[in-house]
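One chain, chain A, appears in both complexes that follow, with chain B as partner in the first and chain C in the second.
On to the complex of A and B.
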């Protein structure tokens, strides 16, 4: 079945609106909220939590007795997570990417690894019947990639997967979008929307993931997004009108498909179009 | 004593850099010999850990004190472990003026981290 990523250039452009409304209408799909710095799908999907799991990550610990402060480990670390000087060698666990390379280069057997918890993954059934999995990165942690990778590993091939990915083009976005069959970029018709969106377009092209654009709050701002899509030959798959009802539903934790049948049509036809495209390009 | 400074150029008269981890140059000024060594900051374009790499540079060049615009939380922790105190360059426009101000005792010590450079990876 199809794996569909929902992305945006920056937060707050309606990414959750798109992924959650699609998920609410299609209860055999699974929604993965990979926006681990600010997951909010559970607010709207309101799942009954069935399980949670800690996500831990390795970090190096240096044995003061054995370390001769030769600096090999610091020179090796690609992420600059170790600083070594004549009087001390220290590790910075927030920056460490857990590659475990530093222990290999240490000739003095001074490095071992410990684990620390960086976040949690929750899973449950939403009030629409759709399964939801979402991750939460602890505040102060810099990288949600291990959590996202784990969320992605948890699902098989038998259901359609909708992924609410982190905004922008960081490593965490790449992890969330990797090997998806299709992507939707949600954007607003404002000049800022366009410049943030360009980076996402470039990222998806590099990753060779087919995508189209959904314009949220259509007709609100200027035409720049439309011009850009035309110039770049990007398909606009759908438009979500600017509507006070949406904001109102949003503020009470409801989805717009619950409030207005008109939106059921909009989102269901969006879903159908995506699967039609999927069949055409991947046969899935 | 060797003082490390953040600079946009390779001279004591160059304008100071407004960033620590991503400063263009580090200048190492020896207060005893008045000699200065300038080092291009390779971490300027590093994806992450620029602050940490900058601290490594300071350690390699035997800096004993840092004058900087501000220092991020991780780098400040690391500086403490290597016993390198950090002072705010404040309104001083060049490394030279910053060193003079430090000599007068008019620079403020950096006790709390700034987070302008905090970089998500």
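On to the complex of A and C.
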């Protein structure tokens, strides 16, 4: 089945709105909220949580009895996560990438690894019957990538997967989008929406993931985004009009499809188009 | 000279960080502006800097395996914690974190690490003073390092030019790029919106701000979308000892100003006056002095 990433570049353009409304209409799909720094899907989907799981990361521990402070580990560490002086060797677990290189270079068998929790993954059934899996990075942690990787490993091939991705185009977005069959870029008709979308387009082209565009808050700004899509030959799959009533309903955790039946049609038609594209991609 | 840093962040994206930063800049004297939202930089769109210097930033290393030398032993694949090497011994550069383990375990020196440009840093002049911004190469990691580089350069320029403040436009989220932008800053302005997501994300970003920086102030943008949630934000902020120092209404003219690439506080003066912009500016300048 299709794995579809919903992403945007700019924050607040409607990634969660698009992924959640599509998921609400399709209870056999699974929604993965990979925006682990600020996950919001659970606010709209109200899942009954069935389970949670800690996500842990390795960090090196120096055995003071064995360590001779030779400094080999500190010289090797590409992240400067180990500082070695004549009488002390200190590790900084927050900036360690868990590559396990320090133990490999240590000639004195003085390095072992412990695990520390960096976040949690929750799963449950939403009020629409759709399964939701979401991750939450502990505040103060630097990277949610291990949590995103783990969320992505948890699902099989038998359901369609919808991924609510993080904003931006940095490593956490790459982890959320990696191996997807298809991506939806949610943008808005403002210069900021267009500028940030260009970076996403560049990223998706590098990753060779086919995509199309959804314009949210349509008619609020100007035409630049339409011109850009035309010049780049990007397919605009749908538009969601700007509507103050939607914005107010959103503020209290309601989905658009709950506000007005006409939006149910918009999202159902989007889903149909996505599936049509899916069949084209998979060649069946 | 002591340079004070004021950082604008939000937790949730799209609440109005860049709009607020751009609106502040004409009213702050002796200030260098830095856009630290390196994977979605937008401030330059409103400030139109005249670029004076552009340079590449090398932020990481990546491994390459030379297939003509490779003996196929598989040591690199077995030791790579990032699952970045394929069974055909090709390194996936999007997954490689440049740790050097593959180079270390290769028995025949078929692997080498090379420097990678992760972004460009731009320096320029706006009518309101110097501006530094950067653009991450889409898909690159180490955005936190690029943020630190932009911030350090802005501080250097401030010292060179005798400026007393650096105003920083930050990223959404709470990860490394946000932590890099706020650590040790004098003032953090959190821009939020009265939605359940806004409130949820605000609590998480406040945790970060309280832990890594000095004074935290809250701005509620589009406050009239839900007066009830605005009240809840206010209570949460007060409970944690942070003041809400600006409440701004939702208005299409702000979107219009941005669409026309104007600074909203200059083109929509009346709206800003009505929202008690002067009081807000005074609170910031008082906060900077303390």
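Just so we're on the same page, the second predicted complex is superposed on the first by the 280 of 284 C-alpha atoms of A that agree within 3 Å, B and C clash if a C-alpha of one lies under 4 Å from a C-alpha of the other, contacts with A are read in each partner's own complex, and residues count from 1 in each chain.
Everything below uses one rule, namely that a residue touches a chain if its C-beta (ideal position, glycine included) is under 8 Å from a C-beta of that chain, and two chains touch if they have at least 3 such contacts.
From a predicted model like this one, the values you see are computed outputs, not experimental measurements.
**Student:** Is A:253 touching the first partner chain B, the second partner chain C, both, or neither of them?
**Tutor:** In the superposed model, A:253 contacts chain C only, not chain B.
**Student:** Could you say whether A:87 touches chain B, chain C, both of them, or neither, answering first, second, both or neither?
**Tutor:** In the superposition, A:87 contacts chain B only.
**Student:** Between chain B (first) and chain C (second), which does A:13 come into contact with in this model arrangement: first, second, both, or neither?
**Tutor:** Touch partner of A:13: chain C, not chain B.
**Student:** Between chain B and chain C, whom does A:216 touch in the aligned arrangement: first, second, both, or neither?
**Tutor:** After superposing on A, A:216 lies clear of both chain B and chain C.
**Student:** Going by the contact rule set out at the top, does A:74 touch chain B (first), chain C (second), both, or neither?
**Tutor:** First partner only, chain B.
**Student:** Is A:165 in contact with chain B, with chain C, with both, or with neither (first, second, both, neither)?
**Tutor:** After superposition on chain A, A:165 lies in contact with neither partner.
**Student:** On chain A, which partner's contacts cover more residues, chain B's or chain C's?
**Tutor:** Touching more of chain A: C.
**Student:** Let me test your reading of the model: by the given contact rule, A:43 touches which partner, first (chain B), second (chain C), both or neither?
**Tutor:** Second partner only, chain C.
**Student:** One more residue to check, A:206. First (chain B), second (chain C), both or neither?
**Tutor:** Only chain C; A:206 stays clear of chain B.
**Student:** With the two complexes superposed on chain A, say which partner A:142 touches: chain B (first), chain C (second), both, or neither.
**Tutor:** A:142: touches chain B and chain C.
**Student:** Could you tell me which stretches of chain A are touched by chain B in one complex and by chain C in the other?
**Tutor:** Shared contact residues on chain A: 79, 142-143, 170-171.
**Student:** Report the residues of chain A in contact with chain C in the complex, numbered from low to high.
**Tutor:** Touching chain C: residues 9-13, 16, 35, 37-38, 40, 43, 76, 78-79, 97-101, 104-105, 137, 139-144, 166-174, 178, 189-192, 195-196, 199-200, 202-203, 206-207, 220-222, 244, 247-248, 250-253 of chain A.
**Student:** Contact residues on chain A for chain B in the complex?
**Tutor:** Contact set of chain A toward chain B: 74, 79-81, 83-85, 87-88, 90, 92, 94-95, 142-143, 170-171.
**Student:** Going by the contact rule at the top, pick out the chain B residues touching chain A in the complex.
**Tutor:** 43, 46, 48-50, 52-53, 55-56, 59-60, 74, 77-78, 81-83, 119-121
**Student:** Would you pull the chain C residues touching chain A in the complex into a rising list?
**Tutor:** Per the touch definition, chain C meets chain A at residues 10-15, 18, 39-42, 45, 61, 79, 81-82, 94-95, 97-101, 104-105, 135-136, 138-144, 171-179, 193-198, 200-201, 204-205, 207-208, 211, 222, 225-226, 229, 250, 252, 255, 258-259, 261.
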